[in-house]
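Next come two complexes built around chain A: one with chain B, the other with chain C.
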Partner chain A sequence: MGSKNRVKSSLMRRNLHKLLSNRLALVGLGIVLLLVVLSAFAPLFTKYDPSFIDVSQRLQKPSMEHLLGTDNVGRDLFARLLYGGRVSIFIGIVSALIAAAVGIIIGSVSGYFGGKIDMVLLYISEIVMSFPSMILVLVLVGFLGQGILNLIIIFTVVGWPSTYRIIRSRILSLREELFVESCRASGIGGASIMFNHLLPNALGPVVVIITLSTGGYVLAEAGLSFIGLGVASSVPTWGNIINAARNLRIMQNFPALWVAPGVAISLFSLGLSFFGDGLRDVFDPEE
Partner chain B sequence: MNEEIILKVENLQTKFRVGKRIVHAVNDVSFELKKGTMLGIVGESGCGKSVTAHSIMKLLPKNGSITGGKVKYYDNNGKAHILNEYDRNSKELRTIRGKEISMIFQDPLASLDPVYTIGSQISENLREHENISKKEAFDRVVSMLFELGFSNPEERYYDYPHNFSGGMKQRVMIAIAMICNPNILIADEPTTALDVTIQAQILTLMSKMQKTHGTSTILITHNMGIVAETCDEVAVIYMGRIVEFGNLEQIFNTPMHPYTKALLKSVPVLSSGGEKRLEYIPGATPDGSEVIKGCAFADRCKHTMEICRTKQPVESIVDGSHRVLCWLYDKGGKNA
Partner chain C sequence: MFKYYITRFAMLIPKLMVISIIVFIGIQMIPGDPVTRTISPEVYAHLSPVQLNELRQELGLNDSMVVQYLRWLSGLLRGDFGYSLVTGGKISGIIASRLPATFELAFVSLIFATILGLLFGFISAIKKNTIIDYTNTVLGMIGISVPPFFFGLLAILLFSIYLRWFPTGGRMGYGHVTFFARLKYLVLPAFILGISLIATLMKFTRGSMLDVLSKEYIKVARSKGLSEIKVNLKHGFRNALIPIMVVLVMRIPMLVGGTVIIETVFNYPGMGSLMVSSISGSDMPVVMIGTFIMTSSVLLASFFVDVFAAIIDPRIRFGTDAGGGNGK
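Moving on, here comes the complex of A and B:
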């Protein structure tokens, strides 16, 4: 009991241990971290400018000079992948975080006030969720237009209900817990109970949602960019790189141009899925 | 009776709306809590003892409301607060809750927030009511934990609730309730969820705290043994009414109400020797949503008379503070 090297929370240690012993989750985390580091520090790994057009070097095969070859206007593919990853991952992570934040705020308001406010917010979330998300995204892109910021806004609009519903339902059930009543018996005010006691208890599953939805948004961005509705084609993103390779001749003769970004997208979202599943196992009290 | 009364409950009525039905959980409950004493509220499950306690603090669920009576609390300056007239989340009530009147709940396992250390939960209550620095709060919490029998309070301060056993958690709950040195402590079946050996420990601790801090305590329990062990005065509740009220000797030596007698007979006594069978009370508690014309205990009582089924009994004063709600004693009572 009184040993010196006691860890503050054995629960945290147990959870960490559980996560670390899940090999698939670790592999997922490794892939994700690798891709994030490669993109974030792109200038360290490549000397090329992803937008520099050099027609004399067009459609090179992979070589030591150009690791993955060049595209049809002579831009280095490896550089484009790294810099493209920056934009794609940025959109994914930021959208997931903002969507979760919005969901948490609205969910707390809903759970805290209850009654009519809760009902209205719940209906709004149901309306959003009743549309197939891809269709809703397409419609919203039609209204707002292309662009990184617009994509983040759109993903937030489409994505907040999942967090909202979890937070709301968690708070509704936590509200009935005895520790809330004992807080009230100690004279602690409603807002303080809400934000200091209910919300922290409800946050666990949100981490999982953020992880999994980041992968989803990266995929969605790629899909939108591929059909020309995502980020402007001048900005390299993983979706835009594939879009640029959309040409029968290139598809047949230069597979690296579309296989490489495809693999990057798949690896990233697969890695996040593995990691997210691992996190879910940790947060799942049933296990 | 004397000026030492700290809490006075007069004709308290609490009702719950369950669908279309109205459940009368507390009917006309009146009692007084004297300063520095321990009052036991005894009764079987569902008789309204917890609701009485929650009504005092106005901690009723949304479908419950106090429909009549008064809960008067006299603070240190002798000022009377009529608690049931404050709004349920009003500032006045919140400054009284936890600081002047605090409460311990039945299930210590669920009464602590799992995401905070127990130290921060105890000092949260302290810092809610007293304007003191973190360091002072830490010191107060540590000395309180030490008083409650934690041998290494500085380390325990940083532990989470899951690191504690049930008895330890209940001690933490006592720490939370006692940290502001309240005038009244309401303990709602504090030992029901604990095993027998720990029960004794917690009760001893509560008696000790009550004596050293002079806290007036309301102990809610269904266990007559616990009452005999710790309380000064006893209120026996049946179907939301106090059927008998008196001090410990009066209730245990000269029980008057058939229900009290039956309760006392249903307590196992180890030293009784031989094969004495425990008695039980036949029948079940009636439905709280039905309006009973006569005495609610009439169907289960051995001494039921004609009048018991038709008229609600009136209170008879047996002697001094000893009062009973039963037609059997109507003739002898002065209040009849």
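Moving on, here comes the complex of A and C:
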């Protein structure tokens, strides 16, 4: 046991070192953490209520009082960005985690049982992936309706196959490795081999998928809210803030109203791409 | 050689069947009286309950689901898509006016993005680890991370409002019937739709090129005294293309899905904006048929890219002819 732990921690230390020496990945992580902290602790950074309408203060230019100005009904844009980030980031992270968890469970079942079950599950994942994901998302919005919870469910339904396929193929190939045979020879049961020996070895790429798909879901939520089919427009999200500013007069004269949330979305997803690419270099050197 | 194409095509059919079943189930789940979707609303409004019941019998709505599915499928194949819940018009008519627009947009975008993606990736690979390569890589990351609608809004503001080079949206002005007259409407949406594809292709082209350039036969080609251009293009690029085609096939669904957002930003009257307006208007029959049409077009498009890949790389088609040795 002791020696196993030491080997594991030295591999971890090596990976951590590799990650920390990747400057772009660190910049990415920094941007992401900054945006997460700003949104999570929004009340510490702004005194305004993101939904408080003050018509006397409408369409103010950026100033000390209103850092990024106010929108067409006088709500403080900076406060809306921070509170909007909460919802957008929450949807992104939770969807990515649940989709990955579903993918891991179905992938383990598929890889462990093999045979007909594997064939059926693989086929289901192929069918889900043959729909353009945006179209599938739209159809599901049509049936389930809008809202935060529904978006998370929909992103999970559309997103699980990517994790599923990785876990499945990893487990299928790991099953043939010598260490599995030696586990079996020493009398370790099937379920224990699966969860203690196979799954941990297959998880590396899943971390990469979770990181990159969080960005993907934030973009998808923003896109959906932008076309008016995401979160209800009364809830501030980054996409909803841009949607509210979609009007030629506002676009031209009050660019902060749509450029600021656009930059926030872009920075968040760019940070995740940088960090995700760094993680990928650590976890799958082959790619 | 033809055997390969026919097998590939035959593999599409079961998939299309399953998708049609899913779409059919989706249509069954739409709330409301299914009779309204098979006759026009004006006729429906003038029917008594007894007549309605007769009609239901006549239309086969009391038959088993399997029979109903087969009947629906044969209608689908003949171009009978049923009626819209909102306009009451035939769905086939609505699709006919929208599909060519999206086809035009997606096709131009695909060609555009493929050329640019390959070109930038090629340059990055032969100028590896120079400032050009790094700039390309960072631009590529930005291309993947910035939401397309934000690029769209920025482009409208810059190129349409300030510079007035292109219209802010739409597909054609009065009398713009030829493709070239419409081209100025297409430039911005097609380019922005393609940005993430350009970035992805660039990344993979670079990787694939570097992979090929490190092979022994490239050293042989160089040692024969071939010019650097010839080595890079004829021996390097051509062999690097095959894995890139696979990526291209995988990205086509994303390109088509992207039309939803881009068409909305540019008020472009295609399938994507039709899907959005139909969902906002709860016109689910149109949504389901639209889904079927777009998904099957994606499958067909992927098939054509596969065919194209087999043309440039004989190994792919001979692999299947020899008994599926390295087939997928």
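Please note the rule applied: the second predicted complex is superposed on the first by the 276 of 287 C-alpha atoms of A that agree within 3 Å, B and C clash if a C-alpha of one lies under 4 Å from a C-alpha of the other, contacts with A are read in each partner's own complex, and residues count from 1 in each chain.
Methods note: contacts are C-beta pairs under 8 Å (C-beta built on N, C-alpha and C of every residue); 3 or more make two chains touch, one makes a residue touch a chain.
Quantities reported herein were computed from a predicted structural model and do not represent experimental measurements.
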item	value
Chain C versus chain B on the shared chain A, clash or fit after superposition	fit
Partner chain(s) touched by A:Phe78 [first = chain B, second = chain C, both, neither]	neither
Touched partner set for A:Asn201, first chain B, second chain C, both or neither	first
First, second, both or neither for A:Tyr164, with chain B first and chain C second	neither
Per-residue contact with chain A, leading partner among chain C and chain B	C
Touched partner set for A:Glu177, first chain B, second chain C, both or neither	first
Contacts of A:Ile188 with chain B and chain C, given as first, second, both or neither	first
After fitting on chain A: smallest Cα gap, chain B-chain C, Å	14
Interfacial residue positions of chain C with respect to chain A in the complex	15, 18-19, 22, 26, 29, 141-142, 144-150, 153-154, 156-157, 161, 168, 253-254, 256-258, 260-261, 264, 275-276, 278-280, 282, 284, 287-288, 290-291, 294-295, 298-299
Residue ranges of chain A touching chain C (in the complex, touch as defined)	126-127, 129-136, 138-139, 141-143, 215, 219, 222-223, 226-229, 242, 246, 248, 251-252, 255, 258, 262, 265-266, 269-270, 272-274, 277
Residue ranges of chain B touching chain A (in the complex, touch as defined)	57, 59, 89, 93-99, 102-103, 105, 107, 110-116, 124-125, 128-129, 152, 155, 158, 160, 162-163, 173, 176-177
Chain B-touching residues of chain A, taken from the complex the two chains share	1-2, 6, 8-11, 177-179, 181-190, 192, 196-197, 200-201
